[in-house]
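Take a look at the structures below.
Across the two complexes that follow, chain A remains constant while its partner is chain B and subsequently chain C.
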Partner chain A sequence: MLSPDRLALPDYEYLAQRHVLTYMEDAVCQLLENKEDISQYGVARFFTEYFNSVCQGTHILFREFSFIQATPHNRASFLRAFWKCFRTVGKNGDLLTMREYHCLLQLLCPDFPLELTQKAARIVLMDDAMDCLMSFSDFLLAFQIQFYYSEFLESVAAIYQDLLAGKNPNTVIVPTSSSGQHRQRPPLGEASVLEGVEASLFSQCLENLCDRHKYSCPPPALVKEVLSNVQRLTFYGFLVALSKHHGINQALGALPDKGDLMHDPAMDEELERLLAQVPGLVNSAPANPEAGCLPFRTPPRVGSPWRPLHHARKVDAESDGSTEETDESET
Partner chain B sequence: MAAVEKRRPAVAPAASFADSGRPAVSRAAATAESEEDFLRQVGVTEMLRAALLKVLEARPEEPIAFLAHYFENMGLRSPTNGGAGEPPGQLLLQQQRLGRALWHLRLAHHSQRTAFNNNVSVAYECLSASGRKKKPGLDGRTYSELLKRICRDGEAPEEVVAPLLHKIQCRDHEAVPLDVFRAGMLTCFVLLEFVARASALYQLLEDPALAVADRHVGQAVLDTLEGALQASDGGAVPARYLEAGSRLGPDSLALAMDRALVARRPSSPMTREEFLEKAAALFIAKVKPVA
Partner chain C sequence: MIPGKYRSVSGRAANNVNCGLHLVIQTSSLPEKSKVRFKQVEFKLNKETPSFSGRLLQHDLERNYSSRQGDHIHLASSSMPSFPILQRSSEEKILYSDRLTLERQKLTVCPIIDGEEHLRLLNFQHNFITRIQNISNLQRLIFLDLYDNQIEEISGLSTLRSLRVLLLGKNRIKQISNLENLKSLDVLDLHGNQITKIENVSHLCDLRVLNLARNLLSHVDNLNGLDSLTELNLRHNQITFVRDVDNLPCLQRLFLSFNNISTFESVCCLADSSSLSDITFDGNPIAQESWYKHTILQNMMQLRQLDMKRVTEEERRMASVVAKKEEEKKRESHKQSLLKEKKRLTINNVARKWDLQQHRIPNIAPNQDRKVSDSSQDPSQLHGSTVSAFPEETGSLDSGLTNDLQGLSVTDTHLVEVDGDTLSLYGSGALESLDRNWSVQTAGMVTTVSFTFIEFDEIVQVLPKLKIKFPNSLHLKFKETNLVMLQQFNALAQLRRVDQLTIDPQGNPVVNFTLWKYYVLFRLSHFSMQKINGTEVTQNDMIMAERLFGILAHVASSELPQYRMISILGDARKKQFRYLLETKGKKPGLVNEENNDSKRLVGENTNRAMLNYTTRDFYNERLEEIKEKKKFCKMYMEDLVKEATEINMKNEALQKLWPQMFIELVRDAVIEIRNKNSYMKLCLQQITDQN
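Up next, the complex of A and B:
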């Protein structure tokens, strides 16, 4: 009922922990951008609607990337919105390329960086053949890990590189003799034969990382569990395992279990409601000259994204070079 | 502030489009200044400061939902919103005032005593605003109505709280001073929590199949409780609290229950209502009636 933790924190930490100031500042910015609304409805009403939309997670729709990634709640809301809006893609069984998924992401967030989509695709495609097709749920689950734990994964990548290079980033912190022995082995000969790094050592390093990481990271117990099942693993092997782990998906709390990603009759109704909002906004986008950051070939697709895409995919596969050119010029 | 600062550079290039560099800078600065002025004029600055203070005072588990409610409530009473319809009737006005007072009272749990006391004062002011010309303060009828609403929303059975209401109610036309009001509100909230805990206690004693508890065991628990409450009599001496605590400790309670079980006399069962009523009566016996 009462959480003494929350009550014992200093004011500033309490506010920071719950990102209260982030939302208050954003509320003011939004208010300044919509001054006409206030004269009509009043400031209190404006704030009521703003904070309600934050609670419901609809506040991130069509906002800039810096805001979308500003808090864990925003990230989870974005993942949910992406899933809700484009679940039909998965339902139809369409397979899309990384660039096509990126277009879908840009429909919800016009300045979504291509780099993040690429990283997510690398998890699904294991770093090779980036033009391959992916199923919606594979992409979504990989994207979820990459997007939500972005900063954590950066640190993991650095640790992985260190381990691969033969140095233990935690030599001071993990002084047990056994780990020292393990560490000696790969450089002696196995490294050339075996891919990746040793799981137990990697696990210890990550445990330390979770302890001191200030951004959100997956529950340490689950990370440990993932790593305890294997002897050795590669970086992408690790990310794949994270993205497929249903406990981590649950802890993150944005999406249902993988099996339920496509089956949710209650959501279908909600989807209809959301879709009613999306075309309205998309139609107005081409009229707005500032929408130039969108790829020029998206507007014809976006009217009903999942149908023409299936067709467009073939075109993309055939004329690979030309699409790459157009995409590069946009970014 | 980060978001605000990020917005500024975006203003500058747009302005420099039209003119050379220097006027653009001053124009951007002017925009920033006028934005601040605007926020002050519309009352946003003051509004957010008050809201932030409320958040810090109450430390809600979910501050964003708290803020949404906070502004919703504020919107209900603001003239810009209410002015749209016809002037509300006296009765409606009274209901609105009660609703607002209740909302203030619930902002903070009573264990956060400073925050709770502040909110009680605000609620008191809300209610006493009704007698504009006359003396400040509220009448007994409003006060009783508020007590009833709190108890009703607290989901405690009516017969359980009725004796309390009887004890702390004021006469309809009596003026209720702030300290009586505060004591009444606090007692009411504490009783509701007490009843909720007693209910949880009964859950443990209850035979799940029969949905009743053994009368002897139930009575033994109540007696122990009574003993502890009596021990806490005689002022706020810490030693008294310790004694009360030890009487309610698991071993002495278990001993009492064990004795009751061993006796095993045939008895009629005890229902939840009866248990709650008796437990609440122990509490209410301690409440000093309003003079």
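Up next, the complex of A and C:
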């Protein structure tokens, strides 16, 4: 109980590190917003549900961007939700543009900023031809890195620029010219003779960064691992390597391994069930809603799946109420 | 001697005389042939002078008379080498003292005619005379016939003051001139010449028949002064327009066959002529027109015969009816074209404004994401707020036009148009028109609604109105509406039903996405849409849509906590109610409807109902509203945390101090009890003190 490291942090900081306050504030805010509805089934239940959803990672669905960005857990949950919802798009093999991915993101978060998506796209496309099509897995992994570690990446970018310009924030100026192996990837920034920076120097800077960074960073060991494989690297080269590194992916814990990105048996099952009802999905059983409790489990099947579409319309018309005679005559 | 018996021109029926030279000039009342007819008597000539066969050709083939007498004409050479001198035997002079026929004599010049001062009729037909000469002495001449010669100029007639009939047909006359003294002229025949202009006839106030057929006239004017003119023959010319006919007070018959008249306007003076009763236009381009007959009849009510056919009452009636219809049609089509033009201009205007809006975003608004829906601040719209005259016209349009086209309201900034089953809205101002009182019939017929040059976010706000006012709208079309996100399609779910959706790529970037159709099908699956952008929706499409996005819906519905679902649904419902509450006078039926709607919203596709769209403005509004609450929450939590940390601190402090405190407590207690006796006394004292 009296563990020393717990007492080492003052109270606020401790709470802040665990983001407890964020969630508490948000919970109370949500409570205030939906007073009338929630009061009907009890505040205690509300809190239960809220924190359950936080645990499950569903609390970020359709929330505003500021909330989603607020904690690492939120970010990870968001990534996972995005993966879950749109894995099928990837599975289908469609290659989409950056804007379309952004659209999909906006389906889950209406005010998601475009800059983040753009940055993620830059990682995939190596800052080239921003209108190119990207595969789902490429985009998702790059987006993960960009979104989860966005502040970290900003600092890294700054460091990289410094190094490119020849200024080393930490140590003595070390000339970074000459012997670069010619890499395929184009160099960042202005017309500099060298491509990228020396990996070891870069690695050192990053280590220092991780130590003093208050935002989340990738595990320093893994970063070192990434940097140890190469002599020189560019900024986007580094990011690409980061995104593809499965260790970092695992450390994040939001997404399954790259190889498994398209697999989600539970959801696939669900999907099959939904597909089987495609024609009959129209307005199957309009149950009378009570104010508090909504039936949202998959609705019972109506008729066979091969019922023609216009027949479904008739079902629609029937439930519309008395005023819809015109609809009936049109079928 | 030529027996002198002839009838002067009087318009009476011919009198046949069996003997002698018989010359009757008859102007027939039958319009079959308007030429001046000659009733000639053919007679045999003296064999002595075969070269002077005075045979007169018949112009009128119907009446053929053989003559019995010859004509002794003797042409002797004169002192002047060119002119022969004509002498007749005294016998003939007595017989035919007032007429002389020199037909087909192969004359090339007019001979000098001696001693025939009583001559009243002179016939030079079918010769080769080139100039009218040597007849100045025949001052009693009444009838002069120079048909079929080679005369090039009218001349040599200035002394013939009694002349009444002048026949100069089939010559080579190029202009009408030198007729000044022929004031008694009754018939002037100039057909078959090369006359290009009517002139120098204004003094012929006794002229009754003027024949200018087969000339080169291109127009008709200069007809003033011909106060007795009854018949004017202008057939076979090149006339394109006719003027001055209303200056002819007696004109009854006008023959314009085989000319170049193509419009009624070119002969419009005819309408003003009250005396005209007989007119022909056959062979003119105008006679081929579909409106020819009734236009003529309509404009010339006094007409009795048209193209040689009697005008019946029936025809006249028909003509006036048709004319009225044509007039109306013309008026209508004029109005239509005006309308169309106005529409086109307005649409151009709206388009321009729209472009300005789109390009002005970086300049005006600092926030790039914000769509410029505050077009009221757009200064270029200020001048456009005038309401045009069209609303007043709608009344008259409705009565005159068919139901096919109704231009309803046109201002400079927007356009609303109902065209049968399509309601077209151009420009954001047009959305206000949905508030108008639409007739049930009009609104019921509308099945297609087309939005152009309007921000989609603005359209979203009026969708509830659309649902109520135009319940049969099944097909929505969007063009230049700034559809950029898939999410925006969520807003369409609130409509009653949509069968077809057309998103024009122009101005709608969302169409560039690969998945947009599937998303639409997925989100709006409860509509069972038939067509998107013209292509039929297949079962495969639906399956693919479900496959792509089904999990999204599943996640949205099953993994959201209850209170979130309620709050999201509650928002959607609240928005719907907001509009319905705003419009007053709710009938119970309508209330039921909204209940049904909400039921349906919840009942059908609950898993999709989570996906809705709030326009950017609303969203930001809401976030602003929440800020207050967030601040409060933050403060509240801070208070709580402060309390908690205080308590925690106190607890920790207590924990730290407790051992010491405990020891002290124990020590104090032990010290107290050290002396049993004194402690017992102290306790008892305490007890008594209490009482």
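Heads up, the rule we're going with is that the second predicted complex is superposed on the first by the 233 of 331 C-alpha atoms of A that agree within 3 Å, B and C clash if a C-alpha of one lies under 4 Å from a C-alpha of the other, contacts with A are read in each partner's own complex, and residues count from 1 in each chain.
Here, a residue touches a chain if its C-beta (ideal position, glycine included) is under 8 Å from a C-beta of that chain, and two chains touch if they have at least 3 such contacts.
Keep in mind that this is a model prediction, so the values were computed, not measured.
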Touching partner for A:55 - first (chain B), second (chain C), both, neither: first
Chain B versus chain C as contact partner of A:132, first or second or both or neither: neither
First, second, both or neither for A:157, with chain B first and chain C second: neither
Chain B or chain C, by number of chain A residues touched: C
Touching partner for A:29 - first (chain B), second (chain C), both, neither: both
Touching partner for A:18 - first (chain B), second (chain C), both, neither: first
First, second, both or neither for A:230, with chain B first and chain C second: neither
First, second, both or neither for A:270, with chain B first and chain C second: second
Which of chain B and chain C A:42 touches, first, second, both or neither: first
Chain B versus chain C as contact partner of A:210, first or second or both or neither: neither
Chain B and chain C footprints on chain A, overlapping residues: 2, 7, 11, 15, 24-26, 28-29, 32, 38, 41, 52
Complex contact set, residues of chain B against chain A: 1-4, 6-7, 35, 38-39, 42-44, 47-48, 51-52, 55-56, 59, 61-65, 67-68, 71-72, 74-75, 78, 80-81, 109, 111-112
Chain B-facing residues of chain A, complex: 2-3, 6-7, 11, 14-15, 18, 20, 22-26, 28-29, 31-32, 35, 38, 41-45, 47-48, 51-52, 54-55, 66-67, 73
Parts of chain A lying in touch with chain C, wherever the complex brings them together: 2, 7, 11-12, 15, 21, 24-26, 28-30, 32-34, 37-38, 41, 46, 49-50, 52-53, 56, 58-59, 61-62, 64, 81, 84-89, 92, 94-97, 99-100, 103-104, 106-107, 110-111, 114, 267, 270-271, 274-275, 278-279, 281-289, 291-299, 309-310, 312-313, 316, 319-323, 326-327
Sites on chain C touched by chain A in the complex: 369, 471-472, 485-487, 496-497, 509-510, 512-515, 525-528, 530, 537, 539, 542-544, 546-570, 589, 592-593, 596, 599-600, 602-607, 610-611, 613-614, 619, 623, 626, 629-630, 632-634, 636-637, 640-641, 644-645, 648-649, 652, 655
